[in-house]
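Next up: the structures, one after another.
Shared between the two complexes below is chain A, which has chain B as its partner in the first and chain C in the second.
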Partner chain A sequence: MLLRAIGRSAKNLVSVRNIALSRASLGGGGHHHEPTPVYTPKPGSLDWYLCGNNKKSAHEPEPYIPKGDDYGSFVGAAVFVGLTIAAVLFKTDAFKKDTHVHHHVQKHETSHESSSHAEPAHEPEPEEVEAVAPEPVASTSSPSSEPTPVAAQTSEESAQPSTSSQSEPAPVQQETPEVSTPTPEPVSQSSESSASSSSPSSSSPSTESTPQKSEEASNESDEKKKGLYCEYVIIGSGTAAYYASLAIRAKQAEAKVLMIGEENELPYNRPPLSKELWWYGDENSSKKLDYTALSGKKRDIFYEVEGFFVKPEDLPSATHGGVSLIRGSKVVKICEEDKTVILEDGTTIGFGKVLIATGTRPKKMDLFEKSSNEVQNKITYYHYPADFKKVENSLADSTVKTITIIGNSLIASELAYSIKRKYENVNVHQIFEEKYNASDILPEHLAKKSTEAIQKMGVNVHSEEKIGGVRKCCKNVVLTMKDGSEHRTDLIVIADGEDVNSELAEASGLKINSVNGGVTTDKYLKVSPNIYAAGSVASFDDSVLGTRRLSSWENAQISGRLAGENMVLNKNEKDEKAFWYQPSFFTKFAPHLHLNAIGQIDSKLETVAVYAEPEKDSQIERAVVFYKSKNGGHIVGVLLVNVFGPSLDVARRIIDDRKNIEDLKELAKLFPLYEAPKADE
Partner chain B sequence: MSDKILEIPKNEFYKSVKMEYRKYFEPIPEPESAYPDGRVNIDCPCLHSALAHKCGHLIRDALVCFNASKTYPRGMDCEKPFMDHAVCMTESNRKS
Partner chain C sequence: MITRKNQDTVVVINRNEYFADPKVQIDISKYKEPGPKFPDGSINWQCPCMAGGSLVSHRCGNFFRELYICMKSDESKDASVKCPNQFVNWAACMQNMSAEKREMMRKAMTETTTS
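Here is the complex of A and B:
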């Protein structure tokens, strides 16, 4: 009922009276009161002081006759006005046409300290702008250069034609004709360079990289962003960063969170790029990155719409805090003593607590990096939405009829399966050096089964193949194998491993784990008192399974939430929470092979697989694979093949228990390997 | 590297599980979205997105009002906070 009332009221937003009505009707049970009449004062009964006195004055207005002193005033006024007009006419370029030429000439003539005069067509450098404050003009300076800055001054500066401020004429002059709107950047800019202010107009197309910002922030409000401080700064704009921002705001209601992401998109969900977008997407998927979920609803990969975020320039003044997002900006260093982060373009942002959630990037292959540009056009490393768009578009318009995927990782295998599933007529090849798909995760018998299943689907799997060379030939690309054979393809997609984006941590002097490449944290995801790390970049201490770094989506969510929570708890000097919830991952790269796994899923470990008899009709096989620890033989990982239900939680309990269990068939009974027996009626 | 393969036939699977392993069936506690008496659990992770939103403070006020409400059905007197939140959401979505 409350919802209906809200709906009704939402329709009548404008009329307050109606809201009152509905409330009465709800609570009063049917009494429809007449609305109280609006009080209208009688005309003339009120004294409207601000609107002037309409009453006629008692006296008749006298005609005005100028006297002696008045004439002096007239003359003075005329002189003043005349001088002003003359000054504007002659000393400024407000009425001049070809101001560009004038400026260039002037610049070369005047010998001023600034060397920037040398470039006429430059772009103003904000640093120079420190000289904005009016300086006494050197008498040797040519008169025309004096007042030109005046015109460029905003209304803030007093427009005194005679004493012009000698700001760097070069940048300012250039701007005057082009930019009619006041350009506060040169004016009010302090030593900070204007970082990510991609001012839409021509003003200060600065030398620094201008990352695009979708917010049409006016230049002036950009200023507020500088010199900046935000209590919680998150480096990264992926899954871990997003969930950390949620956790922070949940734990501290009015928190201000600033996310600084290198990518230009809003925070998005990555797994659909190789799964759902292919399985359930349509021809528009590549534009909006959406798909029709099994429930029938359209879903896209983005976690939130833009309206969720507070604009960065509004963040300091947001009374109830919010999450702010800076896109397309790279953080290069964290200065721990100063508690600042430094962006690529030099901006420094102070923080209270900072979270490193920079994630991973695809590993590049030397062979392809060194190839010609023509070849490189035909190569895509698969990781970002842009990669999905490129592959999907080229498959959709049939420019690609043969596609080759390099690598046997889960992403590569998923892609091969997903592409073949969507585009049956495309020749899909998968090339890798190992023996089977996902051989570093699955025990050999299972890896073999899955490779056979994907081959049965129509994917050409070239296993145990090494690529010797690549060249462009005619319209496609030719891969030369080590054994001499050649493979011709229209597009190459590489998904053969990942590199951790830990350069930031290295530059900041933080410890990197030599085994897994992640930023070393403790079990609270803490790197140091004010620095945390989460997601696939963090190498954390799992009390059950030791130091690990996980690239799964669920780990990003869980560690992001945990790190966010701990940041707030730490700030309030409360006890933090240690990592405890084992993340799982899900993959599917062959029909009827739905894999869920928790813990250490490493094929180098000793495994015990318990298979159920295949189902009579569908021949679907169900199995549980237990991975045993090297020291002690207790179960450290559980892989579920086509097993659903609450099994993941059961697996979590088993792993947390750290028992060495002999009779694993007994343990397998805990998982729904067979359907529950139907009750005999 | 050693991979053992075991098979469990149907009849053996349906035999009851040994007592010592039954503890693994214990479900991991998940926060409830609402308490049995109808109050909303504001700490539920399901609300995190709404609370982190630009308009999050408004929904928090609305839910606090809802929980404190003594009317029946609960929340009848909380129209204004919910309205304020709805207006804020519409405006923010309009701009985006």
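Here is the complex of A and C:
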């Protein structure tokens, strides 16, 4: 299989060169057809040509016998490249012929399941070698102009059926076998698609509609046995994915949602891993990942129990839809034109709309990655429930008496605080290169205060320290600092930054933001007509604060819901909603320092902090910190220190209004910095 | 009192200053989470009162939907007795009841008994 694949790719590469020549000979400019973006598949990874030529379909490929139409499609594919140029060169003679042939190519491209098409195609006619070649080239370059007619066609098809059928609006070629009314539907879909495609302004879809219909109808019987499809596919099983599934089902009553998560757990809430599980958990917390909330009730980190979900195999036949979850499964590629996702094991699943909600992972440190296995056993990056279990268990059974946390991030700082709070007798150390905890976020005076507070409770903070080496020694592990000193510890926990899980998007030819590393979306969280992204993986357009990527729980919730809602609105051709509600984050990593913040909380910006005078005998200081924009000095971020009430919404309003700090005292009065006098007013 | 260091300014506001006139106000109504009904009258299935959308997303969500709509439309009766059929359908689904048990429950709930 692999050898054939390699052989085919080699052939394709050869053919691409031929096509390049013929493109030039057709007289069009090479720039009309964007070649595959500069993505080199990693060795061993699924190669880019899989879209449109997927041989690893979930069923036995049936023997393929080329019929009359098909030869036409092969020839058509050869001229496919010329078509794009031709689409611009309206006046060429070849135009009519090209468009006639174009939809043959579309059919060929979209019938990815009939994988064996590609194989015998190479033998019968030499021109087919060229024919097959442009498809892989075209299909992966999703932002390019070429696949758009195809994508537009398929998205129209998927949009149309929603008006007629309710439970199984499937694109023509990807019907699930269990669908109750497969036969009448595709026919009606084809006629609807031809009706819809006559409306768009570009000429090529409209002229090819009629022949397309007959070809798709004949395709039906071939594709019908091909299985896996779900209208709404969500890649990821975290917070953004979960809330998106809620929004989709809330907005579309019978929607079917398939969540495909790499992790083995049910969708869970991440912040308690460095907060509540430590603060309110007990000795059983690591087993069930639960804690006793302040209300007195036992709560665990999971959003739902198993019974919430419909089993994946039952989803196609679920008359009222539901949410299904596939766990421990990695999606490696999204094929935009075919509207399929490909899993690591080769399974292909078709979708109507797909959401990328793959989140982030901890940043690895080279020094530790290169260390011996013995050392690596003493190291934990902190992000997953398993990490909590490992750390908690080793502290609970006292195998770890000295723990060292690396990084000055909020997670690292929260962990240092939370562990020391629960295990007073454990030596807790925090090592980082910066001057203070959370120095990226807090203005220096506040960062200094918070570091002093965490030190006061007993955490040993080693600031401005660089780690030079690590080795195992006796029962524990020794860190060598750059200044030569040594630090001995039983366990090392690293929480020093994150990497975005954007590999999937990259492999699928989607745009990645070079500044924040996220998958680029517009203000509707849309990547492209059928692809959305939400949560910490998405780099979205915030109309007030510009392009951003946020790794907070509330952003995952808000953007998950928004993306889910927009996927349904888009499907029904209604106006989508732009991002507008600023998410906040909460952190606590020192006693009496409850921090909430909204907007751009960047210590590199100019800040103005308004403090209230501390009350007598009180350790609690209240303050509001305003972060000023680099361009214009208006307020772009608000940080609240021990300030509660509706303050977050007040902060949202200030940021949305782009308020200036003209009258600082007036702004300060909007926040509960002092308690109102108790006397009657 | 105002202190400045690099780009960070610190201001302290005392009690008197804080409570002095003029009082200020700001409109934050648009950020308020809508309740079970949107301004246009439609149902907000993602309301916190409905577990943020969990109840309709559930595999039994359609039964909850019917139950809620029924209960909302029936203003007259006491919540614990109205829409027994819809309630039974929903409860049976949530608890994975067999058809037999469900019908037994339905009988019990639809027969008017004195409590």
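We take it that the second predicted complex is superposed on the first by the 453 of 681 C-alpha atoms of A that agree within 3 Å, B and C clash if a C-alpha of one lies under 4 Å from a C-alpha of the other, contacts with A are read in each partner's own complex, and residues count from 1 in each chain.
Following the convention adopted for this analysis, a contact is a pair of C-beta atoms (placed from the backbone, for glycine too) under 8 Å apart; a residue touches a chain by one contact, two chains touch by 3 or more.
Please read all numbers here as calculations on a predicted model, not as lab measurements.
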Clash or fit, chain B versus chain C on superposed chain A: clash
Which of chain B and chain C A:Val643 touches, first, second, both or neither: neither
Chain B versus chain C as contact partner of A:Lys665, first or second or both or neither: both
First, second, both or neither for A:Arg653, with chain B first and chain C second: both
Partner chain in contact with A:Glu254 - chain B first, chain C second, else both or neither: both
Partner chain in contact with A:Val305 - chain B first, chain C second, else both or neither: first
Contact residues of chain A, present in both the chain B and the chain C interface: 245-250, 253-254, 257, 303-304, 307-310, 318, 320-323, 443-445, 561, 581, 606-613, 646, 649-650, 652-654, 664-670, 673-674, 677
Chain C residues within the chain A interface of the complex: 5-15, 17-19, 22-28, 31-32, 45-46, 52-54, 56-59, 61-62, 65, 94, 96
Interfacial residue positions of chain A with respect to chain B in the complex: 1-2, 5-6, 9-10, 13, 19, 23, 26-27, 245-250, 253-254, 257, 303-310, 318, 320-323, 443-445, 561, 581, 603-604, 606-613, 646, 649-650, 652-654, 657, 664-670, 673-674, 677
Residues of chain A defined as touching chain C within the complex: 243, 245-251, 253-254, 257, 303-304, 307-310, 318, 320-323, 443-445, 561, 581, 605-613, 646, 649-650, 652-654, 664-670, 673-674, 676-677
Chain A contact footprint on chain B (complex, rising order): 1-10, 12-15, 17-18, 21, 23-28, 43, 45, 47-49, 51-54, 56-57, 60, 71, 73, 75-79, 82-83, 86-87, 89, 92-96
